[in-house]
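Dropping the structures in below, format is structure tokens.
Here come two complexes built around chain A, the first alongside chain B, the second alongside chain C.
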Partner chain A sequence: MFKKIRQSFSVAGYNFRQWRRNPRIIITFLLAFILCFLLSDKAVAFAEEHQTTMQIVEAFIWTFGDSNSILLSSLLLILLFSDMPFLSSGTPFYLMRINRRIWVMGQAIYIFLATGIYLLFILISTSLVCMTNSFTANMWSKTAAILGYSGEGQAIALPALVKTLEMSHPYQCMASIFFLMLLYALVLIFLMLFFNIWKGQAAGVISVFAFSIYGFLLNPENLQSLFRLPDELAYKARVWVGWLSPLNQATYHMHNFGYDNLPRLWQTYAIGGTLLLLLMLLSLWAIRRYSFHFRGTEGGA
Partner chain B sequence: MKSIIKLENLSKSFGEDLVLKDVNREFEEGKIHGIVGNNGSGKTVMMKCICGFLRPTGGRVLVNYKQVGKDVDFPEDMGIIIETPGFLPGLSGMKNLELLASLQKRIHRDVIRETIRRVGLDPDLKKPVGKYSLGMRQRLGIAQAIMEDPSILILDEPFNGLDKDGAGQMRVLIKELCTQGKTILLASHNQQDIDELCDTVCEMDAGVMSMVREGRSGYAN
Partner chain C sequence: MLKTNMRSIFNSRIFWASCFVMPVILLLSQIDGLVDLYRKGEVQTWDFYFQFQLKGLADSTMVFLAPILCALPYTAGFEEDIRSGMIKAILPRTTRFRYLAGKVLACGLSGGLVLVIGILLNMFLCLPVLSPMLRGMEQDISIWPSLLQLFQSALLLFASGFFWAAFGMLMATLTGSWYVAYSAPFICYYLLIIFYERYFPYLLILYPKSWLAPGTEWFLGAFGVLFWVAELAAIVFMLFILAGGRRLERV
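Take a look at the complex of A and B:
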């Protein structure tokens, strides 16, 4: 058992060793920083305009409390994992010393860790963007209060909602958003891994785009117009979307904090965890019939 | 002598393209078996099927009486080199082999050092593999294939990139490995390698395997 775990971590380690001086990895993280800078600019500019300070993780909370920002940051992950299913000319030497299941487990560990590192980088980047005008205490800033209570946040599409402010503290809220994003990104990448192994690389990419478009199009406004729901039933569309759209499940304020029928945070974690487990099992099933084609060795057949 | 590798009605197709056509062949233990054929004839695909990297469309591969893909994912006790060997370019040759050896933890550092010396490289060389010549990488590839002392070796174009002296040294090494009882499957474009080293020679042509010679004597070109 321990041997298998050690071997799985060695496989993950082999993938990480390929990050060294890898232009694709450098570009992904550079683009992630630019994305954070552009997306969190609205919150930072708002604080500057009102000459108020921010809590250091608020830029992250207001930026990634929005489903479109989550979608954009997750799509950038495709670049990080574009070499999936991670077959290089060195892979045969690893495979001969392990088995197919250990190889998939190693890839799963790599995906978990790499996604975690990527999201940590996003968290740090957004904190850096507002660093000069921020404090670290675990309390909401005046900027947050203005955004939430005046309704200006909604006007400029920053999801600083009163329920967020009143029912949690910044670090708690940050942790919840981080885990929601992590779960969404992992489901997306594991879906890509499964289709990659089962039907090939093109199917992997198509599955990710289909999953993202499904989340993007399934919003309350679209649902309301599709079923011609009157405005007084708009909340129903909101609840349906909250349950049906993985992207909305990844959005913090689309959760039940005690007074509506949206999913609770633990329910979202349970749904995401179940999906992850299912995709992992499907990947283990698909690898049994998988044919390995290694980059750099495909010369004469 | 027992057959250590057995191919039974082995077929492999990629879509409409039938690359291996009903290949039947047994490879005896302790011999060097040569496989010749033009590019695209199916040599590498056959070797990848034996290694378990490709799943046959039809038929089966038995290695040591175990069916590849059913009883085992990849054959146990087998060392391979399939065309261009890939290593982590930022690490030294020694470090690369240590990482691979750490997967099974069957051998110690000293054995790795000795194997690197055996293929004509310096285990203390700090130069990263990314700066190795093709010939040096090929030698390192051979070292990784033999370091854990497997009883079967699958060598696909092992002399690629080696100069005349280097190829000569590797030929001596392969003969030595055979005298130690290893079974070696060797695919090469070079007729001299095949003539000099192999006990049996098969030819692949458009996915069909035919026997060229069996035994060292009586070679017909």
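Take a look at the complex of A and C:
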């Protein structure tokens, strides 16, 4: 058992060694940094305009409390994992020593860790780009109060809701958003892994786009304006969409904090965990029939 | 060599596709303003037509688009020659310096021309859209200041496009990667914007947005920017000759 776990980690470690001097990886992280700057610009500009300070993780909370920002940041993961199912010059040597299931388990560990590192980078980058006007104490800033209580947040499409402010503190809120994003990104990438192994590389990429478009279209505001729903029906649609759309499940303010019938945070974690487990099992099933092709050009940028 | 490279650029679909992308996106980014104009139905002068172009060029869409478009046509040209083995057929027919200089100059020109041709196409595309409104008499209004301003913007965009495309080729040569060829101009462009806007507000000289629309802070205004960008382009040219020369030693 321990030997198998060690072998899985060895496969994951080998994948991480491919990161060294890899232009694709460096570009992904640099683009993620730029994305954080572009997405957090609204919050920082708002604070500058009102000459108020911000809590250091508030920019992350306001930026990634929005479903569109989560969608954009997760799409960059396609570039990070574009070499999926990670066939490299070392793969044949691994496959001679371990079985396919252990190899897939190693890839799963790599995906877990790489996605975690990527999201941690997003969190740190967002904090870095607004650090010149920030403090670190675990309390909401004046900027947050203005955004939440004056309704100005809605006007500039920043999801600074009163319920977010009143139900938690910045670091707890940040942790919840981080785990929701992590769960969404992992489901997305495991879906890509499964389709990659089952139907090929193109199917993997198409599945990611289909999943993202499904989440993007199931947006309560879009549905309300498209079907011109009255307020009562719009509320019901919002609750349905909150449960059905994976992107809304990953959005912090689309959760039940005692006011409505939206999913609670633990319910989202349970649904996400179940989906991950299911996709992992499906990948283990699909790898049995996967035919490995080595052209001798693996790992080239 | 420059002539051959320019011929292959003008024959490439990517170059013309990049030229056409610019007016389409510029028009889409101004669609709200256009709808408002049609609703009001006010009569406009030709000066408005040029001001409309200038507004489009100063928009954030253009700031975002410029480093992407200028990198598309030819930044990977040198890498392609090496990877395809074409370089072995070219080098016996010319000197290394002439080959490398031709490559980087053609790449820079393609980057600048994409943006300038894009502006011309945008003007052409806007004509049928705006012409129903352009019935106002000019009287005391002269169109020359707006026209000159548009010419200045086009010149500045050309200079920036030239520099960023050549920079992309240099980075691709240093790293040996296609990914870098297309993404390095955009990444470096935005990193400089981040450094200026968030950390070093006194480094105006390294702020690429001000290269497109220099304010009063620039010494000699637009001429100052042109000198500065030309200086940077010359540095990139020299670095490319050195880096490309080293790369060719291994061919």
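Brief remarks follow.
The rule is simple: the second predicted complex is superposed on the first by the 286 of 301 C-alpha atoms of A that agree within 3 Å, B and C clash if a C-alpha of one lies under 4 Å from a C-alpha of the other, contacts with A are read in each partner's own complex, and residues count from 1 in each chain.
We adopt the following convention: a contact is a pair of C-beta atoms (placed from the backbone, for glycine too) under 8 Å apart; a residue touches a chain by one contact, two chains touch by 3 or more.
The structure displayed is predicted, hence computed values, not measured ones.
Chain B and chain C, once both complexes are superposed via chain A, fit side by side.
Shared-chain residue A:132: touches chain C; no touch with chain B.
With both structures placed on the common chain, the touch criterion links A:23 to chain C but leaves chain B unconnected. The three-chain arrangement built by superposing both structures on chain A places chain B and chain C 90° apart around the Cα centre of chain A, to the nearest 10.
Among chain B and chain C, the chain that touches a larger number of residues in chain A is B. Of the two partner chains placed by the overlay, only chain B lies in contact with A:88; chain C stays clear of it.
Contact with chain C, but none with chain B, is seen for A:31 once the two complexes are overlaid on the shared chain.
Per the superposed model, the minimal spacing between any CA atom of chain B and any CA atom of chain C is 13 Å.
Residue overlap on chain A between its contacts with chain B in one complex and with chain C in the other: 301. Across the interface of their complex, chain A is touched by residues 19, 38-45, 48, 51-55, 72-74, 78-80, 82-88, 90-91, 99-100, 102-105, 144, 157 of chain B. On chain A, the positions that touch chain B within their shared complex are 3, 7, 10, 13-14, 17-18, 20-21, 88-101, 289-292, 294, 296-297, 299-301.
Of all the residues in chain C, the ones that touch chain A in their complex are 175-180, 183, 186-187, 190-191, 193-194, 198-199.
Per the touch definition, chain A reaches chain C in the complex via residues 23-24, 27, 30-31, 33-34, 37-38, 44, 129-130, 132, 301.
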